[in-house]
Amino acid sequence: MEKLERQQVFRDPIYGYIHIDYAFIENLIDTKVFQRLRRIRQLSGVHMVFHGAEHSRFIHSLGVYELARRFIEIKEINETLSIREQLLFLTAALLHDLGHGAYSHAFEYVFKVNHEKIGAKLIKADQEIGEILDKIDKDFKYDVASIIDKKHKFPIIEQLISSQLDVDRLDYLERDAYFTGAVYGHIDLERLMRIITVKNDKIVFKESGIHAIENYLISRYHMYWQVYYHPKARAFEVILEKIYLRIHDLLESNFDFGHDVTALKRIMEDKNDLEAYREIDDYYMNGLIAHLTKSKDEILSTLSIDFLNRHIWAYLDDTKENAAKIKEIKKEYKDLEKYYTLSTNVEQSAYSETSKNMGDQIYILKKDGNIEPLSAHSSIIHSLITTSIKEDAKFFYKVKK
Amino acid sequence: MEKLERQQVFRDPIYGYIHIDYAFIENLIDTKVFQRLRRIRQLSGVHMVFHGAEHSRFIHSLGVYELARRFIEIKEINETLSIREQLLFLTAALLHDLGHGAYSHAFEYVFKVNHEKIGAKLIKADQEIGEILDKIDKDFKYDVASIIDKKHKFPIIEQLISSQLDVDRLDYLERDAYFTGAVYGHIDLERLMRIITVKNDKIVFKESGIHAIENYLISRYHMYWQVYYHPKARAFEVILEKIYLRIHDLLESNFDFGHDVTALKRIMEDKNDLEAYREIDDYYMNGLIAHLTKSKDEILSTLSIDFLNRHIWAYLDDTKENAAKIKEIKKEYKDLEKYYTLSTNVEQSAYSETSKNMGDQIYILKKDGNIEPLSAHSSIIHSLITTSIKEDAKFFYKVKK
Amino acid sequence: MEKLERQQVFRDPIYGYIHIDYAFIENLIDTKVFQRLRRIRQLSGVHMVFHGAEHSRFIHSLGVYELARRFIEIKEINETLSIREQLLFLTAALLHDLGHGAYSHAFEYVFKVNHEKIGAKLIKADQEIGEILDKIDKDFKYDVASIIDKKHKFPIIEQLISSQLDVDRLDYLERDAYFTGAVYGHIDLERLMRIITVKNDKIVFKESGIHAIENYLISRYHMYWQVYYHPKARAFEVILEKIYLRIHDLLESNFDFGHDVTALKRIMEDKNDLEAYREIDDYYMNGLIAHLTKSKDEILSTLSIDFLNRHIWAYLDDTKENAAKIKEIKKEYKDLEKYYTLSTNVEQSAYSETSKNMGDQIYILKKDGNIEPLSAHSSIIHSLITTSIKEDAKFFYKVKK
Amino acid sequence: MEKLERQQVFRDPIYGYIHIDYAFIENLIDTKVFQRLRRIRQLSGVHMVFHGAEHSRFIHSLGVYELARRFIEIKEINETLSIREQLLFLTAALLHDLGHGAYSHAFEYVFKVNHEKIGAKLIKADQEIGEILDKIDKDFKYDVASIIDKKHKFPIIEQLISSQLDVDRLDYLERDAYFTGAVYGHIDLERLMRIITVKNDKIVFKESGIHAIENYLISRYHMYWQVYYHPKARAFEVILEKIYLRIHDLLESNFDFGHDVTALKRIMEDKNDLEAYREIDDYYMNGLIAHLTKSKDEILSTLSIDFLNRHIWAYLDDTKENAAKIKEIKKEYKDLEKYYTLSTNVEQSAYSETSKNMGDQIYILKKDGNIEPLSAHSSIIHSLITTSIKEDAKFFYKVKK
């Protein structure tokens, strides 16, 4: 793959610059499906609590790409991956979030789709992307898709992109901390890059840097509890889920929305309608919801007004002590309960997937050459694992006036 | 005015926290018209070049309020302003951008409205705001509006909110530098707050801190030329202006948009239709433009597609040397020239108003007690003033395929 | 106490400015014994490993004072402490390290002195300080001394200055992280200041901020293991201890040093010789050691050469596995073993005192109004406590050529 | 030159890490003459005003080396310099300040030595350095010395190390800003590295990055006037100069100092006595001055007491208006005037050499391929040049009690 005559750059608040060495990366960034990521916020509901968190999946995707580019310069990774694999890594890093839609978690939950599956499909089906990647070789786009869809054909690249300590998480923790203004969340990236290595076809970390990993896990733990799982952000996500739910139900009953909802309808009919899927970004949904504040369906207008004006719902710990109170609230709503209340825990929340088995799959390369899971090393890690699986179930509800 | 039992805070990446001492400020933030600022980006086209600049006018407005809160703690300002004036200052700082709409500059230019006038009107007319401010006293909302509309009734507060060195600029320079990742733009806020004082009913700065002001003006100069006036950001603004222009022309000819454009139509008919105006935020316009990519009007669909997919237009220096070339390009477009080309200079650009007469109205309190304009003090300032008025006229155009 | 007409400031890289409101604080800073703190490094051996850590106890003392000043502005603390107690707090914060000498830990260990006792004595005996504090009232200096010597007369102030979470630690963790360049060590100071309060004459922290405390303790844990307990920094401290030891032994045998060592001799004879003590700063010891590189005593010259040229000693884990090897090394040195080898653990190291019982004495004010120790709340804290008491015994030795 | 099996690093607060790729660089750092730089502060008197500025020439030298290492990775520089020249650049960058002594400016002025000449001589004469560099080739150390002594044998390397925009300045501006806490002084290093290139055997900067250079020059300008030329820092330098002057005069009259002053005496007798010169670091001078506070020579003890306790002298603008007052002050001191007063301007100050002809020798590579001096481009630069040559003459004096 020929390099650009002159390296291109994007100014970035986290890394100073994002560096583009290859023309095909530049071309991928210019495609419509990638530019679409500018129109999807990284942290759907979080900006309602941390008002700085207005950044998009576009900026995060560039960041993950930049980290992949830097990881490739690490001697052991550079020597392990062939040139083609390095290009696969860069491409998969850049495109890993391509399948996301507007307010993905809520959307996926209601419409029963999966953004990683869709991302893989988009890479295989999109014409612009195909034209670019086919020039590398005819299998290239299929291999990129297989990495995003975790088919285990390229286990090291999959580990680098999606594991307990990967370029995706390293970028979003640091970036989300920057934009929210959280003091936690800062990571010793340079140190982590000095201790990462490859052993037995596995990404491992040298024992000497165990403190940097501890620090990373703790930063992550704090970002989850302070930012991602903030109850008010979760409450806002609940409103979104309910909006999708009501739209879904009304679509089924052929309600007249007074607005173009073709794309949503098409997806309901065919989960593989990529063209329709691509339309559903924040611009689409926000424009729709703004319109729906005036809907003749009262449930939909109520939910949309709450969304637009940040009327955040109330919540209670979903405990035995509160059971009677919760029952009472539900009862008040009668058969509308499904639109105005939700019992949920963080495992079902927007960020749940990323918090599973914290620390589980990080392997330490000991000085004697053996490999051990990190949790065997540190009582702090052990307690983090134990702590993070706690459920934190909450009951969210709209307060009746 | 009673203070809150417990000071409320918002986490902010620039100031750590935004501190809310009064219940009425909290209530103002919760109004619909203020929450609406979440739905309007601070730097309309800039995020297409500096991808971090996705922050809203909401976060900036909170920042300006926070600076006003800190300025009130400066001894000389505290002693000069009565308690009521302090509350006016806080309120006007918070609400100073209330009148902004989606992509304001382009919108105002085409629809002949002015966001400061509208902001003042909104403060006087909005029911929620009225209910909150009337509790302070019956004149309060009118006085806030008069400050935003620069009626010179409260000259010191006007100077603090809108002059060559004010809480508005201090916030946006630092904040825009943070979100774009620009290395310039940082301001020695603490130092500036130590040298500001009041003399003869005028905000002045002590001679001892002249370096801090020089530094501020130079940061501003660099932010203008590196960020706000970046030709690609200006090119993107041109597309927006053309979209508004085409919509305007089509509205006049009663074109069927296949989408709800009532609010825009109402404003065209009555520039004082605040209800319609309030609807026009980024959600509204982005949803509309996304829809218009499929418009049956070819001009509108072309422009909307360019907007959505970041097909940034080309540009030339609008000089004698390029005159023939420019004439040629215009000629190609025949009578569509008005939709696909634009000659403009920075004085007409989105940020022009703020760059006028840089350095002109900053007054220095000399050690001997006399007051002098800053430009008399420093050859650097003098050259900045001279430099900044340079026109930088450019011709923007869509490249024909 | 009258405030200064015009608040004075010192530019500080951590806080922006250190603010001086009272003339007597300014006068205390100008005393000879306080200026002497400029001549004592904050982290004696650490700068040999983290070359940025060249900052003095002077800058740290100003920082602790500044934090005290800010703590006084916290409503609950402000209301709990009388004006006189507030001044006591400011003064004790400023002067808390006054008793430190050159390379204190090694010095105190060999010469059997205690810097807190000496600090308290200096405050009572120093003429300049006396003149300044006597003007407040005649008991003032004795009360300041009592706080530094922990006589429990002012328990809240003592807790604020010296406990598990105090202004001393808050300053040095952040400051040492800044100067070493450690990524860890950053503290959410603003958040901590929002959750601190007073209950039952005790400093307690509100339950809502427990994450900020966890983060603080983890930062501290990382700073200890990554910076303060870095084996090479400890190895350097060992050389210093051996230099003091050899000087001590030679002083006893009336060795002719060819250099003025009066001050050290006087302290050996009288641990309360404050005048002699005050002379022993880094300038004194560094000048002496530089001279001693040419000493006719071979042990002293060897040790001094190692010190000056950063010939850092070797070390082994002091474990059963290494017992034979350690025995062998000691044997080689015969009766000089005491000058060239040392078995020690972190509990005996320069920073040991500060790491004892981590987390133990931090009290949480629960929402129900009850107070509980922090460790009852968090399994992370529990594991930190367990982890931090691990001994990490090491054997340090000069490698024989 | 073989690279290290494993790159070594030093943690650095400015660059994250200093990276060592070659064993010979590691060995150079371990030499006694290089370790000696730990014992010389970077900004002799400045820390008396900006208390964070306690960093050493050691940390700055590592920083300059790191920048050289990064500059070598810039394509155009990499292709212009042969491998041997790259090693020369790294070595000269690391060793460029080797000739500095304690409080160099004052020392050099009184003892008529020049640190660059001495640095070049040390490199040629030092045994440890010779052993390391001779292994590269026999001419290597002479070539390094020639670069430091500016013999124009390697003009590009000399330009990279010592010109108006070089690795030396880039490091110290950023580093001094960091340690003093100055808000100014920050440089867009990454941008500068993207616009630097080589043309006609000259370092030039691409026109597109002219704003980054303007910003650099303005940062420099502010650092000079706010930090380096701060009158109190200059006043402290004056005391140092007077101490050296009195020592010099007393050495000539064979005064008995009661302390070892052999090294100073030897230099007075032979300016090329490198062994003596090497002894004179801050440890030596600070130990001596501390001792001299008790000197029987009253002038010396007075000056030393002022130095040690930060009794900073007073100053007046050296203008016609003050001429009578200055004459009066001098008169009071009679023949001691030379020890207690000094008329001087910034051109004679500790940092004067670096401020000469600001902006003069920076060359811009225009888009048309021509080279022009920067000052032809920008009125801001033009005014900076004009401004910076202003003399700012001051009269410093000890206030008589």
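Labels A, B, C and D are assigned to the chains in the order they are written; within every chain, residues are numbered from 1.
Throughout what follows, a residue touches a chain if its C-beta (ideal position, glycine included) is under 8 Å from a C-beta of that chain, and two chains touch if they have at least 3 such contacts.
These are the chains along with the protein names UniProt gives them: A, B, C, D = HD phosphohydrolase superfamily protein.
What you see is a predicted model; the values in this text were computed from it and never measured.
The chains that touch subunit C as well as subunit D are A, B. With centres defined by CA atoms alone, the chain at the far end from subunit C is B. Distance between chain centres (mean CA atoms), subunit A to subunit D: 50 Å. Chain geometry summary: the mean Cα position of subunit B and that of subunit D are 45 Å apart.
Separating the CA-averaged centres of subunit A and subunit B is a span of 32 Å. The set of subunit B residues that touch two or more partner chains comprises 16. Across the complex, subunit B meets subunit C through its residues 9, 16-17, 190, 194. By the touch criterion stated above, subunit C contacts subunit A in their complex at residues 183-184, 186-188, 191, 211, 214-215, 218, 221-222, 225-226, 378-380, 382-384, 386-387. Only residues 10-14, 16, 30, 32, 35, 38-39, 47, 50-52, 54-56, 58-59, 62, 178-182, 258-260, 279, 281-284, 286-291, 308-310 of subunit B touch subunit A when the two sit together in their complex.
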